[in-house]
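Paired with chain B in one complex and with chain C in the other, chain A is shared by the two complexes that follow.
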Partner chain A sequence: MDSALIPKGVNRCPLSELILKLGPVVAVLLWGVVAMFMCWIKGLNQTNMNDSYGFALWIWADLTVIALGGGAFFTGLLRYIIGKDKLKNIINFAVLIGFICYSSALLILAIDIGQPLRGWFIFWHANVHSMLTEVAFCLTCYFMVLTIEYLPLILENRQIDRLPFFHNLSHNMHEIMAVFAATGAFLSFFHQGSLGGVAGVLFGRPFAFREGIFIWPWTFFLFTWSAAACGPCFTIMLLKITERITRKKLVKDDVVDLLAKIAGWMLTTYIIAKIIDTWYWAMVTAPSLGFELTDFYSNNPFYGMWILILEIVVCGIIPSIILISKKGRSNPVSFMTAVVLAVLGACVNRWAMVLQVMAAPVLTFEGWPMYYPSWQEVATTLLPVAYGIILVALSYRYLPVFPQEVELNPVESEDQGGKAKKAALSGAEVSPARA
Partner chain B sequence: MFPFNFEWIWDMSHLVFMGGLWFALNILGLGMTYCIIKAAIDTSKGKGGEHS
Partner chain C sequence: MKNDQAKKYGMVIDLDKCTGCGACMVACMAENNIPFKEDESNKLDSITWMRVYQLTNGKPYPETDICYIPRPCMHCEGDHGHSPCVSVCPATATDYSQKTGIVSQIYTRCFGCRYCMAACPYHARYFNWWDPVWPNGMEKFLNPSVSPRMRGVVEKCSFCFHRHQLAMNKAFVEGRRELEENEYQTSCAQACPSGAIAFGDLNNPKHTVNQLAQPDNAHGGQPKNPEVFRLLEKLGTNPKVYYVSSREWVRRAGDNYLKNENPGKAH
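Moving on, here comes the complex of A and B:
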């Protein structure tokens, strides 16, 4: 029915099967849309946020998707600025994931501000002393960059590409993509950092407060660093899930290996910096403010000492050791474990820097306030996940997201196909179907 | 916010924040304008027709 829209040389399931499979995802999406409109119509009383938790599930989700969407800027930086040409075979997917992550972040913010009709106030009546203003500026601009990077992929759809204007536009955008990628890297560095900076400058919250250079606390650099390390891991994780669902190899192993190796070294250097930062904070910064390390952790289920061990040891040291070793990367089980742990590490770090910061008692008479999200918060947080799944499915179906797919999965007679596939999987360098 | 708005103050914070925003928006705007105009010119010269 829609075969004219599907890229040449690839196999896709029938449209009816796709619609059937996406049915439950669409149901979750609609559930989230209902909750979203409830928040907009009835207000933020639909949430369980309170005076202790001005930042809650949404802001955690926001910071997490922004960190994990960092795979787009870092892969773009490696591909267009540093010149890792091999990554051209995964950059489309990284951009797609980044686009989903950042559009999700903006959607969550649009719900979180309560009155989205006043969203433009942050640009027009900007508070130029707030790191969050810079985050809003960079986030919006970087989303524009991702849209510009995603647009040529849409224009390469079989039917759209037939129109000469769109073909030329796509070609021209590819030609100057390095300019957009450099702008994206610049914007990402600052907004990823400023999200960490917001926590680091909270001198009234000793759990988060850090020293630093000039106006930038150490958390500024750690956030950017962790996004560059864990973002590519998220891209790889989703690639492997997509390959499992489609039962196809979509990107050659040497491409994934290169990205994983770079991410591994970024993660290693990040976790060393993070350990130094944590040690200095626990031994010098916090005691100077009258606190001990144990004051920041509790026996309750959300904020125990386990969170520190999970973040640094389990989700930091272990995956970094696996990813920097060739043996670790070549074993599929250890490789996937490392990638998933690195992604989990970013989630745990953002959890601590958003929710634990709010919960840790500051005054002697304060306890540990607990927070459980309302169903509206949960539904609106799952909404971007459902939207992401749908967009990945549609992009995979109609756009040439994976340049190596045709080569790795030839649609030919059984004999020829088998030979070509064997040659491709053995790592023989063949020019990609679409550069 | 622009310098002619009543909230504007000529200080470093406003220059850095708003200057950075305009700078980024200008790069993106000029880049896209270049691509669109070049695509229109190329199309008028008959380029890209072999893909139809």
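Moving on, here comes the complex of A and C:
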């Protein structure tokens, strides 16, 4: 029915099948939309947040999707600025995931603020000392950059591409993409960092507070670094899920391997820096404020030392060791384990830097308040996930997201296809179908 | 007639006098049109600009001892006015006045991001989770000098700033630029039946607060009086609310100490 819109040379399931499969996802999306409007109309009393948990599930989700969406800027940096040309075969997908992550982050922020109609005050009455101001400016600018990066892909849709204006526009945009990639990397450095700064500057909260250079606490650099390490892992994880669902190989192994190797080295260096930071904070910063490390991890039902071990050892050291070794990367099980752990590591880190900051008491006569999200918070957090799945599905169906797909999945006769596939899988010779 | 000497309004609360009666909390609620819920049992989402905490020394009878700590906003000066909450607000909706030392909150500019709440270690900031609703007829008794707040914004103790404005207006009309100590007093200070709360200009040696706390302005306002302390002194928030107690365990409860750290004053 929609075959005219589907890229040439690829196989897609019938439209009815797609609609059927996306049905449950759309249901989740609608559930989220209902919750979103409840929050807007009735206010934030629809959540389980309170005066001790002014930041909760949403801010965690925000920080996490932005960190994981970091695959877009880092892959762009590697491809356009550092010149890792091979990555052109995965950059579209990375940009798509980045676009989804950042649009989700903006949506969640719009639900999270108490007076959504005043959201623009952050630009109008901007306080230059606030990390959140920096986040708002860079985030918005970078979202525009991502839109510009995603646009040429939309213009490459078979029907749109037939119109000479759009064809030329898309071509010209490709030509100058390096400029946007550089801008994106610059902006990302700052907003990923400022998000780390959001917690790091809180000198009233010893669990979050970190020293640093000039106005930037160490968390500023750690957040950027971890986004560059875990973002590509998230891109790879989603790629593997997409390949599993479509039952197709979409990107050659050598491309994935290169990205994973770089992410592995980023993760290794990051985790070393994170260990030094944690050690210094535990030995110097916190004690100077009257706290011992164990104070932050005891006397409460949830936040134990396990969270630190999970973040640093299980989701930090282990995946870095796997990802930097050729053997670890070539075994599909250990490879996937490492990628998933790295993604989980970013989630745990952001959780600690948002929720645990709120939970850890500072006044000696206060205890640890606990929190669990309301269904409205859960639904609005799943909303972007559902939206992301739909956007990936539609982009995959109608846009040439994976340049190597045609080569890897020839639609000619079964026999020839099988042979071509085998040859392509070896990755010996890289000849992208579409540059 | 010139008024160029910066004021630093602050409070000294005598914890040995405080009986925990809560009159300051009630007076504050009434004075500042603070909305309340039908069921106020969940203290995590109810608004109490002034909140009285109960502390015990944790010892068994007969050595057990209790202390009540009234906690308004500390109007932290931080480092040169960089209070924890002021420096983080992205929309400049809260500000540190160098003239009075009061940390203001601009309700119509706050867009409810709650970053300031995350920044305040004293939990002195409150979010309006609900629309403010008063029982039928009660709105007629609201204080006309204080604007009620809308849902979705943060509010906190203002040191009854409207009273400062009213007092200044009166003084101007009378051709004065300076206020007497008793011309500007907060509602809680006046309501306290045991006279535990003193309020005034910490920079003015004639004011009670200055005499009690003896703030050392060369060292971030740290009290020279050994029986006086501030909450969480080590964090460098530089609060303008001081507490007095003759009891060592009470003073120690004001800050965090390492297990092997020498007991005593925080400074």
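Here is the rule we go by: the second predicted complex is superposed on the first by the 430 of 435 C-alpha atoms of A that agree within 3 Å, B and C clash if a C-alpha of one lies under 4 Å from a C-alpha of the other, contacts with A are read in each partner's own complex, and residues count from 1 in each chain.
Note that contacts are C-beta pairs under 8 Å (C-beta built on N, C-alpha and C of every residue); 3 or more make two chains touch, one makes a residue touch a chain.
Since we're looking at a predicted model, the values are computed, not measured.
K.L.:
Which of the two partners, first being chain B and second being chain C, lies in contact with A:Q115: first, second, both, or neither?
P.N.:
A:Q115 sits against chain C, while chain B stays out of touch.
K.L.:
After superposition on the shared chain, which partner residues are touched by A:L187: those of chain B (first), chain C (second), both, or neither?
P.N.:
In the superposition, A:L187 contacts chain B only.
K.L.:
State whether chain B or chain C is in contact with more residues of chain A in the superposed arrangement.
P.N.:
C
K.L.:
If we overlay the two complexes on their shared chain A, which of chain B and chain C does A:N45 touch? Say first, second, both or neither.
P.N.:
In the superposition, A:N45 contacts chain C only.
K.L.:
Taking the superposition on A as described, I'd like to know which of chain B and chain C A:P206 touches: first, second, both or neither.
P.N.:
second
K.L.:
A:M358 in the overlay: touching chain B, chain C, both, or neither? Say first, second, both or neither.
P.N.:
In the superposed model, A:M358 contacts chain C only, not chain B.
K.L.:
Could you tell me if A:P287 is touching chain B, chain C, both of them or neither one (first, second, both, neither)?
P.N.:
Second partner only, chain C.
K.L.:
A:A126 contacts which: chain B (first), chain C (second), both, neither?
P.N.:
So A:A126 meets both chain B and chain C here.
K.L.:
Mind working out whether A:H171 is in touch with chain B, chain C, both or neither, as first, second, both or neither?
P.N.:
first
K.L.:
Quick check for you: in the superposed arrangement, does A:S330 touch first (chain B), second (chain C), both or neither?
P.N.:
Touch status of A:S330: no partner.
K.L.:
Going by the contact definition given at the top, which residues of chain A touch chain B in one complex and chain C in the other?
P.N.:
124-126, 129, 133
K.L.:
Within their complex, state which residues of chain A touch chain C.
P.N.:
43-45, 49-55, 112-116, 118-119, 121-122, 124-127, 129-133, 136, 198, 201-206, 287-292, 295, 357-358, 362-366, 369
K.L.:
In their shared complex, at which residues does chain C touch chain A?
P.N.:
42, 44-45, 53, 55, 69, 78, 82, 84, 87-93, 109-115, 117-123, 125-131, 150-154, 231-232, 234-237, 253-259, 261
K.L.:
Enumerate the contact residues on chain A facing chain B in the complex.
P.N.:
123-126, 128-129, 133-134, 137-138, 141, 144-145, 148, 161-169, 171-173, 176, 179-180, 183, 186-187
K.L.:
Residues of chain B touching chain A in their complex?
P.N.:
1, 5, 7, 13-14, 16-18, 20-21, 24-25, 27-28, 31-32, 34-36, 38-40, 42-43, 46-49, 51-52
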